[in-house]
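Below: a set of structures, written as structure tokens.
Next come two complexes built around chain A: one with chain B, the other with chain C.
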Partner chain A sequence: MRKAFDTLGHYLDVTGQEIKMAFMTMIEYPSNIAGWFISNPLQFIMGFAIIKFVVESFGEINGWNYGQLAFLYGLSVISHALSMIFFVQGWFMGWYVIEGDFDRYLTRPLGVMYQFFFTNINIFGLTDLVPGIMVFIYGCMKSGIQVSVMFVFQVIIMLIGATLIRGGIYILLGSTSFHTRSAVDFGQYTQEIMDKTTMYPLSMYPESLQFILTYLIPIGWVSYYPVSSLLGIENGLSGGMTTALITLAVGLLLMCLAGAYFRSGLKKYESAGN
Partner chain B sequence: MKKYLYILKTQIIKSMTYEFNVYGNIIMQTIIMITSAYFWRALYTGRSVVDGVDVGSMQTYIIISSALSVLLITNVERRIGSSVEKGSVATDMMKPISLFGMFLAEDIGNIIALIFQNMIPILIIGTLMIKPPLMADVRDLPLFIISVIESFLINWLIAALFGMMAFTAINNNALIQVKKHLIRLLSGSIIPIWFFPDSISGVLTALPFVYIYQLPLSIYIGRGERADILMQMGIQFIWLIVLSALFFFAESRITRKVMVQGG
Partner chain C sequence: MIDVNKLCKDYIIKRKGAGLSGALKGLVSRNTDTIHAVKDLSFHIDEGEIVGFIGPNGAGKSTTIKMMSGILTPTSGSVLIDGEDITKHRKEVVRNIGVVFGQRTQLNWDLRLGETFELLKHIYRIPQNDFDNTLNVMDDILGIKELIDKPVRQMSLGQRVKGDLVASMLHSPKVLFLDEPTIGLDVSAKYSLRKFIKEINEVRKTTIVLTTHDLGDIRELCERLIIINHGTMIEDGNLKEITDRIAPYKTLVAEFYDEKAPTHDRCELISREGNVARYRFNKSDITAADIISDLSSIKPLKDVSIEEAGIDDIIKIAYGR
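This part shows the complex of A and B:
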């Protein structure tokens, strides 16, 4: 028991140092900071504006009005930002595999998965978080949400679940590189797919696609089901804590699967010399 | 010229090394294309024509946009970025060929490989799973081809210009992202700008981005009068000249600025 606590303490210690170093690398190139501060908010402000234009041209989308869509978009962007901070490395796993960069992690006395995600913790993800929170607050006001302790609690649990789902998907896709030994730019593609499926209500798609996105690739739980439960939109889900807990459970399950797949892939990993 | 053809050929062979990339790209692009098609079908439920376009044309738009995106993949900005960051730009410049000529040859080689690996499969899958993306008026085909060539060049020049910022900023990763989002959202590749309010789409038609995706696609689905299309192609051509001028000006400036560790 004591040993477990020591290990945990050690990991927390290292994490603190990693975050400090991430900040240092961040300020290495000043123009880069400026670039991130422009590019990420720009992306979400424009994305948000586009939803408004779509609503203006087409009216309500499948019964969802602009305020509800803003709420959905905000929650989706927040979980996107959180997944960017912790799990963005999953997007680049292929390049690490084909360039043999996992060697460095294998030789160190810490978990490979931990090192892979935390040595490269992406502080710039915070530039995604701010526009996300702004849109979310706007959406809350527009759709007349009464903020209570319960509501905040639910949102936090849902966000943890949603972030784990996104992270799990990135890791699952990235780990395919261990087996295929090639690098596909999954980042660009997943983002595009996620944009269409988490920022608009899932109910607008045909039943077959909804089924896939609920049970096989649980993207629906990233934002659509949590938001419909919070806003009380009828789709057979009970309100209250249940949906939040299901979201969390789906996230944890997917993360475990992703972790197992990562481990099995790592066994196949080889580089020059072994 | 022969030197560049060799680079082009080498790049085609390089692109064929990683077999799984081909399947991975096709699968992901198919998912995106089909989701987009369903997205527009859902938006159009209960409406036949919105802003002069019906749902069938919109689906053609999506398929051709996916296919066109293959032609608009550039690597020049990343190549400049990494060669400046690592300092290999100095040795690159010593080679007996033009630096940007080499990058252009590499990009074209890559695209030629992708046309077979990616574009043709996407067109076939789109035809089978969504609808055959037929051109509205085949007589516009020459106009379409000309505008696609110009849009390729405009896209490449914008990428090269953003890439050149690496010479002053040293690290241009974030700038590449800015460029990516500008093109993704303002060029009509995902949502055509005719759905935007008039004031905003008015501003956007003055910028070069809509001439990358939306103009060739509008010609393809036959949206707009011929006179209007010809006027837009005029603006596209003006942008091509402006960007080329900017490019050659910047190219002559930056070669003097090369900074390498130790020199």
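This part shows the complex of A and C:
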């Protein structure tokens, strides 16, 4: 037990240092900061503007009104932003594999997956967080939600679960590079699919697609199921807390799977010849 | 300190035919070749040794050193460092090792060198006192403190390698693995790197395993050589021992006044260029003095010199087998 706490303390200490260094790296290239701070939030504000336009033209999407859609969109962007901060490197794992960049993680006395994601922690992901939170708060107000401690707690659990699901998917896709020995940038595809499936109600898609996105690729759990439970929209599941916990469970399960697949890939890691 | 037992590493490579049709067939066929990069390698390294791994390109040197440092998973066999299996207990065992690969860096490219050191201090949980001490020692040997505030991306290759060496020594590892550390370095950078290796070996009793193609590294550093080719060990011993065994000869270079160099029945005339002839003789058969007196009794000699079998000869012979 004491050893576990000691280990945790050690990892937190290293994480602090990694974050400090990530900030220093960011400051090293100030022109990038300006670019990211403008283009990233803009991207999501535009996305939201489209939803607003659609709803104003058609009234609602599949029974979801404007406020509820804003709530869904906001939470989806928040979990997207969190996954960008912690797990975006999964998109580029192939490059690290063929360049032999895992060598240095393997020769240091910490978990390889931890080092891979935290040495490359993406502080710029914060720029996605801002529009997410803005739209989410706007959605809360529009859909007349009464914010209680329980509600906040549910949102947090659900966000952790959703972030883990996204991260797990990035890791699973990225880890294929260990087996294929090629670098494919999955980012673009994943991003497209994630955007289209998490920012709108899943119920608007055909049932076969809903089935796939619920059981096979559990993207439905990133936002649709937990959010509809939070809002009290019928989705075949009971209360908000249960759904939030299921979301967390799906996230943890996917992470475990991703971790196992990553480790099996690491055994096949060939470094880079010299 | 290091025990390598029956170490093997296979790579599976897809067999590909020529041209577009070959490429298309490659998509569906499951024809694969197994490459035995390292075959059944076993040896033991004691604490405080400096061991040079040499062999031609593709001999399996890097593969071996990468398995020894926990980067590659062996197909079979094991590597024990201080009695612990590095494949099974990677996180614990790598605390005792430092790794520098000449062609890559563990330094943070964008920040000053000191930041990487700071991160390593946290990763290895190095007490501030030890950290400062090590840095002082490293400063004496390599003059690292004048580099510590320099961003890594602005460093020359020599400076970067210095930075990497210090980074790998901060946690005072028992074993240091160096994969072609002097590659691409200029004469003075090579000199300080060798000085560094010798000093940490003497002062800190660090065991050092290095691969190199540089004859100077071998001559100046390696008390013991392990020569590998095609993934198997072909020689293991110190330089003199190996030389006596596989190249126990010297070469007498004799210059005459004309092109008609005489032969000698107890040594071999290996080349004749102009007035200069080269005779190879076995150290145990005959002395150079005897040959000189025999030759000069036949023909007047203008000049003589004697060449020992060089490291490059030994390597050529060893690689050629």
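As a working rule, the second predicted complex is superposed on the first by the 262 of 274 C-alpha atoms of A that agree within 3 Å, B and C clash if a C-alpha of one lies under 4 Å from a C-alpha of the other, contacts with A are read in each partner's own complex, and residues count from 1 in each chain.
Going forward, a contact is a pair of C-beta atoms (placed from the backbone, for glycine too) under 8 Å apart; a residue touches a chain by one contact, two chains touch by 3 or more.
Computed from a predicted model, the values in this text were never measured in an experiment.
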Using the touch definition from the top, say if A:Leu106 reaches chain B (first), chain C (second), both or neither. second
Just checking: does A:Glu60 make contact with chain B only, chain C only, both, or neither of them? Give me first, second, both or neither. neither
Partner, of chain C and chain B, that touches more residues belonging to chain A: B
Which superposed partner A:Met24 touches (first chain B, second chain C, both, neither): second
For A:Leu209, is the partner it touches chain B (first), chain C (second), both, or none of the two (neither)? first
Touching both chain C and chain B, counted on chain A across the two superposed complexes: 28-29
Of all residues in chain A, which touch chain C in the complex? 10, 13-14, 16-18, 21, 24-25, 28-29, 100-104, 106-111, 266-274
In the complex, go through chain B and note every residue touching chain A. 18-21, 24-25, 28-29, 31-32, 35-36, 38-39, 42-44, 47, 50-51, 168-175, 177-178, 181-182, 185-186, 190-191, 195-197, 200
So, in the complex, the side of chain C touching chain A is made of residues 11, 62, 66, 69-73, 90-92, 94-95, 97, 99, 101-104, 106, 108, 110-111, 115, 118-119, 122-125, 151, 179-180
Interface with chain B, chain A side, in the complex: residues 28-29, 31-36, 38-40, 42-43, 46-47, 50, 53-54, 56-58, 61-62, 98, 176, 180-186, 189-190, 192-193, 196-197, 200, 204-206, 209
